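Below you'll find a set of structures to go through.
Heads up, the next two complexes both have chain A, just with different partners, chain B and then chain C.
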Partner chain A sequence: MSEQAAATTEERIEKLQGLGCARKRVEDARFTQGKGNYVDDIKLPGMVFGDFVRSPYGHARIEGIDKDAALAVPGVLAVLTAEDLKPLNLHYMPTLAGDVQAVLADEKVLFQGQEVAFVIAEDRYAAADGVELVEVEYEALPALTDANRSMDEDAPVLREDIADKTEGAHGARRHPNHIFTWEAGDRAAAEQALASAEVVAEELVVYQRVHPCPLETCGCVASMDKVNGKLTIWGTFQAPHAVRTVASLITNIPEHNIRIVSPDIGGGFGNKVGVYPGYICAAVASIVLGRPVKWIEDRMENLSATAFARDYHMSGKIAATRDGRITGLRCHVLADHGAFDACADPSKFPAGFFNICTGSYDIPSAHVEVDGVYTNKAPGGVAYRCSFRVTEASYFIERMVDVLARKLDMDPAELRRRNLIAKDRFPYTSALGWEYDSGDYHAALDKALAAVDYPALRAGQKAGREAFERGETRTLTGIGVAFFTEIVGAGPVKNCDILGLGMFDSCEIRIHPTGSAIARLGTISQGQGHATTFAQILASEIGIPADRITVEEGDTDTAPYGLGTYGSRSTPVAGAATAMAGRKIRAKAQMIAAYLLEVHEDDLEWDADRFQVKGNPERVKTMAEIAFAAYNQAIPGIEPGLEAVSYYDPPNMTYPFGAYVCVVDVDVDTGVTDVRRFYALDDCGTRINPMIIEGQVHGGLTEALAIAMGQEIAYDETGNVYGGSLLDFFLPTAVETPTWETDFTTTPSPHHPIGAKGVGESPNVGGVSAFSNAVNDAFAHLGLTHAQMPHDHWRVWETAERLGLHG
Partner chain B sequence: MTHMHVNLKVNGREVEVRAEPRTLLIHLLREHLDLTGPHIGCDTGHCGACTVDLDGRSVKSCMVFAAQVQGAEVTTIEGIAGDGGAPHPLQEAFREHHGLQCGYCTPGMIVRAWRLLEENPDPDEEAIRYGISGNLCRCTGYQNIVKAIRAAADEMNAARETEQ
Partner chain C sequence: MIPAAFDYHRPADLAGAVRLLAEHGDEALVVAGGHSLIPMMKLRMAQPGHLVDLRAIESLRGVRVEGGTVTIGAMTTQAEVIASGPLVDACPILREAALQIADPQIRNLGTVGGNAANGDPGNDLPAVMLALDARYTLEGAGGRREVAAREYYEGAFATAREDGEILTAIRFEAPPAGHGCAYEKQKRKVGDYATAAAAVILARSGGTCTHASIALTNLADRPLLAAEAGAALAGTAAGEAEIAAACAAAQAIAEPVSDGRGSAAFRTRLTGVIVRRAIERALATAA
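And now, the complex of A and B:
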């Protein structure tokens, strides 16, 4: 018997490095040596650079643009304005939300930092010199930066291009600055529950405007090959295929003549889902000049012009019995969408999946209504490390439950326990219409509370408060408990599409004759480690070691069509496609093995990396042997080759969940908040690679820390953006970031081929609530019910001041 | 703009570059010398993605002009591997301990950690966290970066001991 055959099934499974193993990442060798290939690393012969002239005003009329001085700069080749794009009908572009957005400002500018002209030059320094010298004459107009005032009768009309349109992409508009009203749930039932409730708690919960701010900004290199008429764009695209289709629709270049490539991406977090004016301008410039054009935004442009997130003003009412059973929920959201509605949501969901806002609780009646409005702010509304508007929803319900707990004078963890959806209720249909696939919420909460010794934490808090009263300390401890349910993996084509493109995803596998393989997917990694994890899924399915499987993504000329990576959809959708394609391979392999072993297919069973004749472990064919035969042996009735493709349309979303506990110590005199402890329990279903999951949780929690404790893109009343540079926009360093404690339970998704649910965004969804609950909890005994985020030093100090703690 | 000739040593190699004096060192490295390891994350001196070693100190190369590096000695991520291109213990440790995700901060982070370990071969967690606080990472939450740097320090100290 050969040595290989002697190995036990377990030994062979271990060699595969498949599902569940903490496989080291294959991406890392190139990244640690500085050999990554990001878009700004691309250098093509004859390549030139584009740079934007941007509006210094929040709202102004453009009286004139003079390009002459800029064109006189040595090295400057051209200056594009809206006038140049009009003949091509490219001065506006469609947004993902059914609106249009100015590529270059047409007569008016609507936010500070808006693109006004595009200067193309031989190098980036000459382009910057040119930008300085483009003379734009403006007439300032009154700016509208308070969404609460957008629909006032005397509010300035922002979008003159659509002022008369009474119908928008999502129904009737009742004001020129109104975009849509969207609702879900049963209004009458929710109102009835509130009217007849023993207790009602009410709060305005504002989730401030923030920005995903990946370390690499957005950019592209566009190259028009005039000889064969093919336009290639390398860029920071989270959804390359969608970009190709949209580019074809708006330029009329046939889709086969457009190639979109996403090279290595330096983080996305939702920032790189949208289509930005820079991409269009670079493509047009390349077509006009016949040379490759690179456009890379700088950090200030990134923060102030592309892809903000959140900006939801959520007014809630929650009804309950005196003993803490939640009976109803209402929420009205005023959604500030900025100057153009460029939200990246599935078409039928203008407020994303905000109607997951009943959270993890069994709430019998609920109603939500969202009004989207225009303001003089940057467009965006992306899902910043979360599924569409799920972070907002989760933050809302987790704050409301805490506010209710105060009113009931009940421990917030206990109130949660009384209302969590019970294990035997799954699949559970929520009052707002989602079908939660699986969960064991009570087990998760109990495990979390036991892990942190919750009663001891509360006892310590109480002792600390008494010491504070006695004047022995100036520190207050806050304990934040948060439970969340995410909704990810968009999504079933029957109700999820973006601009009409169904949100399925795909995987294509080719097995090579000597038993290695290549898999190509419709998604694109931005640091999640797809090349590592998708190979693991496949290794378990087809019995080829993960180290012998190449995973390729991001080139529309080679990868199968898919809708890309965001909303934690890669594992739920493309991961499922990978498993399904693998199963097709295995099915064919079984037919081949049956022929080779001269038995009936049904007499074979799968054993890690081979088929064996049932009851006869000596008679086997390994996957490698089968692959070789598939290409080199004539098998009657079976085509040569071993390949498969799967397009996976998920039957449902997946619903990862988790229980987080955060402990903070607040210095009431400085407002400095120290995170003493953070415990995160995540249940993401089947775990593909624990090392990568843990890394995702660390990163997501750090982003949550940033949002809850300091991030804000604010505007003054004249439309100036604050928070537009890293001087003002908070990104935590290693010093502010605490050590994270991670834990898990495993409740597989019943409808996913391998039971996986997705994890990358959960920590951001659950983390923000946990931090905010903790800071609010520190002051709860003094009568505070809710303080708005971000809980930076100044605001926390202000809260202490308001509560009279400074004497 | 007039150009100047800048002579410097990059990763042990003498080079001469013709550039405008205002050219930023990061552009000089990336665009004139094709060393695209160091990245640009902000160009305002905040993120550290552009970190390189300049005459024995970590610097943010977006904050240095070409005119300032005449005769200088620069080391980038491309220059820290061992003989025959064997990965430096830090490069190994980042992989081993999952100290990176998108990889964009990684070259700056490793070059900074490299200098940190020169300055302090045995840093505790706090010293590591302070030591890399000029380098932002948006993906990892730093925990595994700290772990990787500590592991590399152990590895390098052990190697030093066997040498002696």
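And now, the complex of A and C:
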């Protein structure tokens, strides 16, 4: 018997570094040494550079474009405008939301920063000089930047290209600036619940326009090989296969002649899901010039022109009994989509999964209605580190529950406890139509409240308020309690698709003769650590150590088709595919082992990394031995090799949840807030790698802090964008980031092969509400029910001012 | 974010720099740490045809404390100020203010001279120089002259410095031993300019505040000396009533703009709060 075989099962499991192991991230060696390979690191022979002329206006007619001065700049090769793209029918491109978007402005510009012309030059400097010299003559038009006014009778018509279309991709349009109306739930029942309620609380909850702001901006290198007709695009793509299909459909280049590669990606957070004019222009320029063309956004372009997030104006009514049983919920959303509807949502869900807005509560009747409208703002509406519109939904319900608690004069944690969906109700079907897979919400809330000693926190807050009254301090403390349920892992092909592409995902595994492996997936990591965690899933499934499994993603010529990484879908969907493909490998391995051990397959049992004959632990074949046999023995009835592929269509979404508590001290004279404590309990089902989970939670909470306390992309009435640079757009550094306390419970998903639910986005979804609830809570005793985000110094000071705290 | 073309010069001595500036007139700009100028060039808000780098000029570096007089060479970096023992002993407010500029990477390159000469109302050191009543030495083709910091700032990026003049050194009398000081700055995040900031330097003898000077950052189109605010404290016991009067006087001269940091009304009202905190801290540190 080999030495290895002598190890106990537990020891061998530990060596695999499979599920549950806090394995170090295999990606980090290259990142920490500056050896990552991002799009802008790609340098090809003969490569040239593209740069955009962008609109200084929010709304204007283009009277003329003069390229001559730009073309005279040494090194400038070409200047593309809409006129050049028209013959190719590429001046507009389809968006993921069923609308079209101008690739280069066609007669009109509709937002500040919109792409007007594309200058291609030998180097970046010449391109920038060329951009400066393209002369565009504009006639300014009145800008529409208040979504509340979009459907006014006298509102300027923004989209002349579709002004007379009365049907949009999601039904009838009532106004030229109207995109869609979408509803869910039972309106009559919800109205009835409100009409007959003992208590109704109402609030307008605005989730301001923000931006995912990945550290690496968007960009690509497009290279047309004129010899074989193959177009390769390296780019910051969160969904490379979808990009390939879309590229094929709009260029008519056969799909096998397009190769999309996502190299290392420096954060996506939803910003890199969509298709941007830069990609199209770079591809066209490469086709025209026969040279590789690189386009890389700068920070201001990224913040002001590529996809924003949120901008949801949510009017809510929540009904309850006097003793705090929620009986009904209504919500109307005015959704500001900007100049083109370029949201990234599954086709049938123009408002994403906003109808998860009953949250974690057992609410018997509910109705939501969402009106999407155009404004003179950048297009987008992506899921910034959340599943589609889930952060908006979660923020809405968590604020409404707090507002209701004020009205009932009840502790917000207690009100939550009374309404959380009970453990024995799962699978639970919500009034808005989702089937929650599993949960133990009360256990999570109780654990969280005990961990922070909630009663002591409230007692401290009370003492502080009394001291404030006596004039001994100018600080007020707020305690924010938030509970959230996410809906992630889109999704079942029967109702989830993007541009007709079902939202399954995939994994293909090849076991090498010497017992190591490569797995390729249809997803693409942008920092999530897939190469680490997917190898762990496989290690547990097939008994090959995670260190001997290469995980590869992002090259459409080699990876199996998949819909990419966003909406916390990688683990729920591609992770499931990985487990299922692993099980196929194991099934074949079992047949091989049976042959080698001369027993019937049913007489074998799996033991961590080997099959053993039942009742005879001496007779084993390790996975490594089996792999070798698969390649060097002729086994009757079994094909050589050991490979498998799985395409996984999830039967349901997964529903991670959590309970967060935030304690914030507010200086009422300066508006400065100090997060004294933040506790986050996450339940993401089976935990694949606790260290990666903790890292994801830290990152997501930091983004939640940023959103709640400062991020905003604002526009003035003439269409100027504010917040378009990191001077103003709040990206916290370590200095602004408090200490995070993380915790967990584990409630596996019953329908996922390994019970995992996804975690990358939970902290953003739950975190924003916790911060906002805390700031609002600081002033609750003074009559404040709701103050809008962001809770920056100025707004917090204004709240204190409105409440008369400045004497 | 790519600057227009320019020629780069790196003279070895001051005379060479002055000559280059004279030669190229308003086509030329000096570059010190580059942390205000280069961002402006990348935005193409500044497009100098010639960039004259002062980095190689040794005579512009270093801090001297002689008797009560402090001289700081213009090319001394903000990080060097923070680390300069004698300077920090003589005048701790400079260290305190410098530590609130941007972040360590920027302070490693950003210079005292660049910060003071620039004329950006957001820069932190000018208010400190006003409070210290510092004098700026300027040298150009026409020779050398001195300008009081209190006379130097005329508006946003408008200063008493003529084209072709280089700020070579900053000189001031160190405040008396045992003085109290504070630089109080409210900002949104690391690397941000002040929402409101105040420099306070005062001295006490017995129960009396014998001297007080107060200056404000980023609350107008230039740094402001709050002379009346200082006068409200000087010669008094600096009790609650006098402090309130000083804060009111400082607030009265604030003319901030509305920007991403908040409305003008908020920033004006914040002025009084920040000045009060600076005064209280300065009083607490005074012997």
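Methods note: the second predicted complex is superposed on the first by the 807 of 807 C-alpha atoms of A that agree within 3 Å, B and C clash if a C-alpha of one lies under 4 Å from a C-alpha of the other, contacts with A are read in each partner's own complex, and residues count from 1 in each chain.
The rule is simple: a residue touches a chain if its C-beta (ideal position, glycine included) is under 8 Å from a C-beta of that chain, and two chains touch if they have at least 3 such contacts.
Every value quoted in this text rests on a predicted model; they were computed, and no experiment measured them.
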Could you look at A:V672 and tell me whether it touches chain B, chain C, both or neither (first, second, both, neither)? second
* To do: Scan A:R299 for contacts with chain B and chain C and give back first, second, both or neither.
  => both
| query | If you stack the two complexes on chain A, which partner ends up touching A:E132: first (chain B), second (chain C), both, or neither? | reply | second
Taking the superposition on A as described, I'd like to know which of chain B and chain C A:L727 touches: first, second, both or neither. both
Q.
In the overlaid three-chain picture, which partner chain does A:D264 touch, first (chain B) or second (chain C), both, or neither?
A. first
_Looking at A:R548, would you say it contacts chain B, chain C, both, or neither? Reply first, second, both or neither._
neither
Ask   = Is A:W740 in contact with chain B, with chain C, with both, or with neither (first, second, both, neither)?
value = first
Per residue count on chain A, the busier partner among chain B and chain C is B
Scan A:R124 for contacts with chain B and chain C and give back first, second, both or neither.
both
Chain B and chain C footprints on chain A meet at residues 124-125, 298-300, 727, 731, 733, 735
Seen from chain C, its contact residues with chain A in the complex are 1-2, 4-5, 44, 103, 186, 188-192, 195, 259-263, 266, 269-270, 273-274
Given the complex, residues on chain A that touch chain C span 124-125, 127-129, 132, 298-300, 669-672, 710, 722-723, 727-728, 730-733, 735-736, 792-794, 797-798, 801, 806
In the complex, chain A touches chain B at residues 24-25, 27-36, 38, 40-41, 43, 123-125, 213-217, 264-267, 269, 296, 298-300, 526-529, 691-692, 694-696, 698-703, 725-727, 731, 733-735, 737, 739-740
Chain B contacts chain A in the complex at 1, 20, 22-23, 27, 30-31, 34-44, 46-47, 49, 76-78, 81, 87, 90-92, 94-96, 98, 100-107, 110, 128-130, 132-146
